[in-house]
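Can you keep this structure in mind? I'll have questions shortly.
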Amino acid sequence: LNDLERLLAIEEIKMLKARYFRCVDTKQWGDFEALCHADVLLDISADVPGGVITGTTKIVEMMKSSLSDVITVHHGHCPEIELTSDTTAAGIWAMEDVLLFPEGASSHIKSLHGYGHYIETYELVANRWRFRTIKLTRLRVDIERTTIR
Amino acid sequence: LNDLERLLAIEEIKMLKARYFRCVDTKQWGDFEALCHADVLLDISADVPGGVITGTTKIVEMMKSSLSDVITVHHGHCPEIELTSDTTAAGIWAMEDVLLFPEGASSHIKSLHGYGHYIETYELVANRWRFRTIKLTRLRVDIERTTIR
Amino acid sequence: LNDLERLLAIEEIKMLKARYFRCVDTKQWGDFEALCHADVLLDISADVPGGVITGTTKIVEMMKSSLSDVITVHHGHCPEIELTSDTTAAGIWAMEDVLLFPEGASSHIKSLHGYGHYIETYELVANRWRFRTIKLTRLRVDIERTTIR
């Protein structure tokens, strides 16, 4: 890729991540699905023990069941996107998330406020950039619980 | 527009929004005015019932009278900017705002902490990108009041 | 510089700032050092009276001694980057930071939550953009103390 093509790819990957966050926060699961490589791997084991999920279908199912009743805010900052080949790229995003759980949630969590980084890879499939791997690392998470467990 | 011109326009629109936030938060109303199309439409009806205001003069008046004594922080994240013609564009921004009202404010509000998206359009006028329409949507707003109303 | 070179420089400067924040928040002081011009000037006098420090070595020493035990989150938003020559640039970044101090910190501070702007300049040295000057201005800082002082 030449310089211009590289800049175009970087902008497209930034918009991919923007759509990812917006689709999660506005619960547009169909649009979310289209952003992912079929074999996308999501690693949220920093938050959920054993939380490594593979495949778009399973990830969307997990998100739907765990987040549909939750007000979520996901913000991404200061992307560092690097092309690793003409069809693959790597990225790091600083992040902040706020989750507000409904009353009586089975998790006994009222709210979660976290900070960290997404470490990601992307792949160009059928002329569109898609998520290949997403790993969340944490600097800090504050959880407010409804009961002492 | 070719690819390079499109990237240049996207970067200019990102800087337009950056200046919008900075001018509001540092109360530089003259500079703010210059960012807007004369017929700009601002829709903050998600926050203020009936809050649709047209025209730069009216918007600046409203902002001056409602925000001059308020410490405001507006942050924009993850822009999705699309050129819709050579002289028009559309954008979505994730956002967070924090407003801290002075003691004794007539609104009886101490603070507001909100999350949402700006849905916007832009127009190139006299070789500079300007705001044409701005609509705020909300994921969540937390308001702390000074009195029970 | 032509338009493409200018866009490339802007993207590199954005990534420079991304690395700055990430290196501070993950305490990678060696990587941090490499981002700075040898004579970099850091002005945090808005937070620390007299806090103007010159030279990478002194800045890294100060950061190591004051932040190694502190959980820090630094987020940058809405960059306004302007090339001022082929090898110099100026930037403004909206910012938010959250600092969580360890128990028993000598500062008697539990946490700091701030909002403001970084006003910066950059210089191209040995083909890489580096920080030349960094000045922090504040819109608002909330400090939670462990004792009344």
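Letters A, B and C mark the chains as written, and numbering starts fresh at 1 in each.
Following the convention adopted for this analysis, a residue touches a chain if its C-beta (ideal position, glycine included) is under 8 Å from a C-beta of that chain, and two chains touch if they have at least 3 such contacts.
Because the structure is predicted, anything quoted here is derived from the model rather than measured.
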Turning angle required so that chain A lies on chain C, C-alpha fit (0 to 180°, nearest 5): 120
Interface composition of copies chain A and chain B: same or different, split at half: different
Geometric centre distance via CA averages, chain B-chain A, whole Å: 26
Junction residues of chain A - those touching two or more other chains: 4, 7, 75, 77
Of all residues in chain B, those that touch chain A in their complex: 3-4, 7, 10, 75, 77-80, 92, 94, 96, 115, 117, 139-140
Chain A-facing residues of chain C, complex: 4, 7-8, 11, 14-15, 17-19, 21-22, 25-26, 71-73, 75-77, 98, 100
